[in-house]
């Protein structure tokens, strides 16, 4: 292990503990870490921006490929940055209108084809999966129907409709429960990951110098 | 104060300490619970394993360090699988903070299996635009990523001699910490007819089950558990011959299990106490 | 002038929207080129839009320092960290003199060093802190207040146990023999699978169909100039 | 409609003329060449049938008669040839001194890497010094490589014309194509679209990807027939044809590719033929000789006739997509128009909104403040706008009751709008005196500090009711848990699906997803929101009707399945036209 790596791991461990100090309460160490993180991440994004966008898409397109059309989006891009100057902010609308409008147009047929139709197709397909499969398919049909009823705002939730929407709510709750369980899992995984770093890399690897 | 009130007013610090210990202890003294792969994860593994050597696989590493423990080992396992099976991975990321981790992963695996950039694999790097990038690649990969991450022109790479766009890929995998799976399905996998697998953080796993149900993705790996399952599948089959060490996600499963059990028990106990105290209140009110 | 400020963007959005929509149904090469070119332009625009976020953040912190608002000391840290991180990657100089690799692109260059030992640990820790809070909320706030909350909590607990190895372990021993076949009494793994694949998928599908409809509604509103929030305020 | 297009796409029908009949090779009984429907005019569809199964040992290749006219578009002018020549020479001059060093450094680095790996696995103490050496060579190679890339960039910049025409590539294509046509004008067509096709040594082998055949297209009259689309052919490396091909880089460090892929030209008529070969087998695989090539035992060619790839102006496969897209758009626009005329369109009661009054009432009783959050996103987010709309209503009720309303903000723009809305509400209720601007304030824009401050307010002031409306991230849990521990009535509303579970378990009432928008439309009566909500409802009604129809058919099927088993299939065939994504 090089000196650089050892210093790096100490720094990383220190920063990890700094961020953990938020558990106790919001404090100066945490704020320090948060602001440091902000600066580092913005510095990192600037690099990504430069090397992965400006160089290949603008510089290379014009210098190497002689593709002068790339100048137009670059000018529109500069318009976007003018949003920071209040008197010229209106210029940015042109750029936003261009891409937000265009993507709205792209989205309609693509979302229908890639998501809406396949899901609808799968919901409506005839059952042919044997006894248990058909039962499951029925449950899915029921679930989709009742959930849509729950989010249907043109009917009062009374009597039959109320009952159906309550079934829908129950489906939603089971699904949210699943997502709840999974979210808990995710957060704990992150904690486990941090502890793996602290224990394996820092305490065992650097302080006790065991393993590699 | 009796038990019920003690539980209901338990100090936060006690709980924090228990959680900290439950994570730390299994990491220091592991008890190696068996990880049994689910059909969802097998869906990705089997699809990858069935590809003939020389097939092209596109892997999108759409995550950042915030989900490193969940997804980075998955990326490494997938890349290792590719290199073991002689598949050609095309790695890219749609997340601006993604390239750093992806670079580490692919360079580590490529070095281990002795694979060449530009011939056996390609790390395309990052471009802004998510949907714009995917749509661009459905028409041409080398026009969308004119250069790879290292600034080398992609059009002159041998790996792009036979493939030009996403339709030429044999499999797609999105390793996603956000909503990119949707975009990959809508703009790439469905219209181009390329089979796809999704690996996501546990937070968003539930929202992709309809896609799995409808066969729009062949498999789904959710969070660190899914990753651990993939590691286990890979190790079971190739661990001996390729000297694959136990993965980080597999190692973390003991701690994960311990904390889960604790949280579930705590919810149950706290709710029981809550109902007891509710009843007591009601009784007291009746007396008064 | 007012025309360019108000009507012009709406016309642009309408034309772009309708063209990109209609071209989907036209399979000619020119139509594909049109989309490719739009997509390439949009990619460059996205790059600049991302820069806007960066600039406004720096602007915010600069102002904080300039007007000495509370906590402006922390803003110095942000700015200094930014400058160091940016320069390590952008400066075309050799870093070998302080023991790094020559270029920032190499894994042992200074830029990736900062990335690995500062950016990664801090971002990874940020959300892992929540694990502690979830555990404490389990004691203090997750209550079965209503039928719905109960359903949610029960499903959540089943998933939490069923989706980790311990779920398989604690139920593997408990089996009942019916007609010679061993059935698991508490088949957590199977129940979990069923919950996720059937009721969960059904609910998510219902939600997705609704969400897609609202996405289409918003897209239609944008194309026809009814939704104008993207334009920001002002005249 | 789709059928019509397919018929229009039918180009030619050819009768099979076996030119070289051999007994062992299966003879296609019927063949056709058609223009591929719904494409951009780049491909021809080829269709043929065997009498039975052709067998694993049969190799089929589609070949096209490519004429020399095709060369015209790649021909270089004299000036261009001259320019290319000069650029090449200059590049060779400048690269000359770099290349040997670069190759040497790369080779050494590769060798050192192997040694390093060996040393590391043996635990050899020299590993550190080898690593040092390896990195040195690696860096040298990287540096030289960068110099080379720079020179290549310069070269490309000189030879590329605006519009993407690259003289170097064009010259190469010309050479390749000339050599290929000198060899034979019958060129194998590569790339069988939609089907996993591989080309090895000018021969296509295909294996249908899952469902790809089914999805790709069908014969216009007989839907079971599948055609193979062929749109490109490959020009081969002249060296490969003469047998002198090597993979070595030339004097300008360029490794010539083995093949170049070219497209069939739109509108030009090509004559096609089918080459059918019987291969020598080795078990289930083709037997390969010492040069790794399969051995052909018998072969025969069959003329397929001619066809020209033609451009289509409408993709018939997307007809159902168009119906849905236009249908939804029209419904939404009409609904918004109607809502402009009549803003009192019916929307069901949202039960969460009734809980709002109850919560405010309780706060007044206890003489405690009410806390309201508009979420953590900016004003551009839909849920933030919805939260502001609901804030107006809450402020109005509070003005009636005379308790305090506390609104911490994360976004300065949201702050000003929130102040405006609350002030208006107090004025509307005739209580401008009760409005306290200090209670609606900016906290900080960073996520966790905002959360910490807001939690501190909850602990200190102990509001009787907390409202969490708008968009939330991971902090939802912290906010809602702290609120619950103070014993406040909590009402949440968000479309952040991943945060909803935490709100549902910790709050007394939660507006789920679209309910938040509906509540906002219900209160604001803004035509855009109201109309679009109504339009979406109609869309949902359509989905529900389809589900009901399908369920009824299932029921009918279950009852009368015995008498008429085909009924479900028939109805499904009909419905499939509408919903199947092609």
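For clarity, chains are labelled A, B, C and D in written order, and residue numbers in each chain start from 1.
The rule we apply is simple: contacts are C-beta pairs under 8 Å (C-beta built on N, C-alpha and C of every residue); 3 or more make two chains touch, one makes a residue touch a chain.
Not measured: the values here are computed from a predicted model.
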{"item": "Subunit D and subunit A - chains in contact with each", "value": "B, C"}
{"item": "B-D or B-C - the one linked by more C-beta pairs in contact", "value": "B-C"}
{"item": "Greatest separation from subunit A - chain, by CA centre", "value": "D"}
{"item": "Inter-chain centre distance, subunit C versus subunit D - centres from mean C-alpha coordinates, in Å", "value": "17"}
{"item": "Subunit B and subunit D: spacing of chain centres that average the CA atoms, whole Å", "value": "19"}
{"item": "Computed distance of Cα centres, subunit C from subunit A, in Å", "value": "1"}
{"item": "Of all residues in subunit D, the ones touching two or more other chains", "value": "153, 156, 318, 321-322, 325, 328-329, 448, 497-498, 501-502, 504-505, 513-514, 540, 543, 581"}
{"item": "Of all residues in subunit C, the ones touching two or more other chains", "value": "21, 24-25, 32, 35, 40, 42-44, 46-47, 49-50, 71, 115-116, 119-121, 123-124, 126-127, 130-134, 136, 140, 142-143, 148-149, 152-153, 156-157, 160, 163-164, 196-197, 200-201, 204-205, 207-210, 216, 218, 220, 230"}
{"item": "Contacts with 2+ other chains: residues of subunit A", "value": "22-23, 31, 34, 38, 41, 44-45, 49, 51, 53, 57, 60, 65, 103, 106, 108-116, 118-123, 140-141, 144-145, 148, 151, 172-173, 175-180, 182-185, 188, 190-191, 193-194"}
{"item": "Chain contact graph, described as a line, ring, star, complete graph or other shape", "value": "complete"}
{"item": "Residue numbers on subunit C that touch subunit D, as the complex places them", "value": "21, 24-29, 31-32, 60, 71, 101-103, 106, 126-127, 130, 133-134, 136-137, 140-143, 145, 148-149, 152-153, 156, 207, 209-211, 213-214, 216-218, 220-221, 224, 226-227, 229-230"}
{"item": "Partner subunit A, residues of subunit C touching it in the complex", "value": "4-5, 8-10, 12-22, 24-25, 35, 37-38, 40-52, 54-59, 71, 74-75, 77-90, 99-100, 104, 108, 111, 113-134, 148-149, 151-160, 163-164, 194-210, 212, 215-216, 218-220, 222-223, 230-232, 234-235"}
{"item": "Touching residues (chain side subunit A, partner subunit C) in the complex", "value": "4, 8-9, 11-13, 15-16, 19-20, 22-23, 31-47, 49-51, 53-54, 57-58, 69-70, 72-74, 76-78, 80-81, 83-84, 86, 89-90, 92-112, 115-116, 119-120, 122-123, 136, 139-148, 150-151, 168-178, 180-182, 184-185, 187-188, 190-191, 193-194, 197"}
{"item": "Interfacial residue positions of subunit A with respect to subunit B in the complex", "value": "23, 41, 44-45, 48-49, 51-53, 55-57, 60-61, 65, 103, 106, 110-111, 113-115, 118-119, 121-122, 140, 175, 178-179, 182-186, 188-196, 199-200"}
{"item": "Complex contact set, residues of subunit B against subunit C", "value": "7-8, 10, 12, 15-16, 18-20, 23, 33-36, 38-39, 64-66, 68-69, 96-97, 100-101, 103-104, 107, 127-130, 132-133, 135-136, 139-140, 143-144, 149-151, 206-207, 209-210, 212-213, 222, 225, 253-254, 256-264, 266-268, 270-271, 274"}
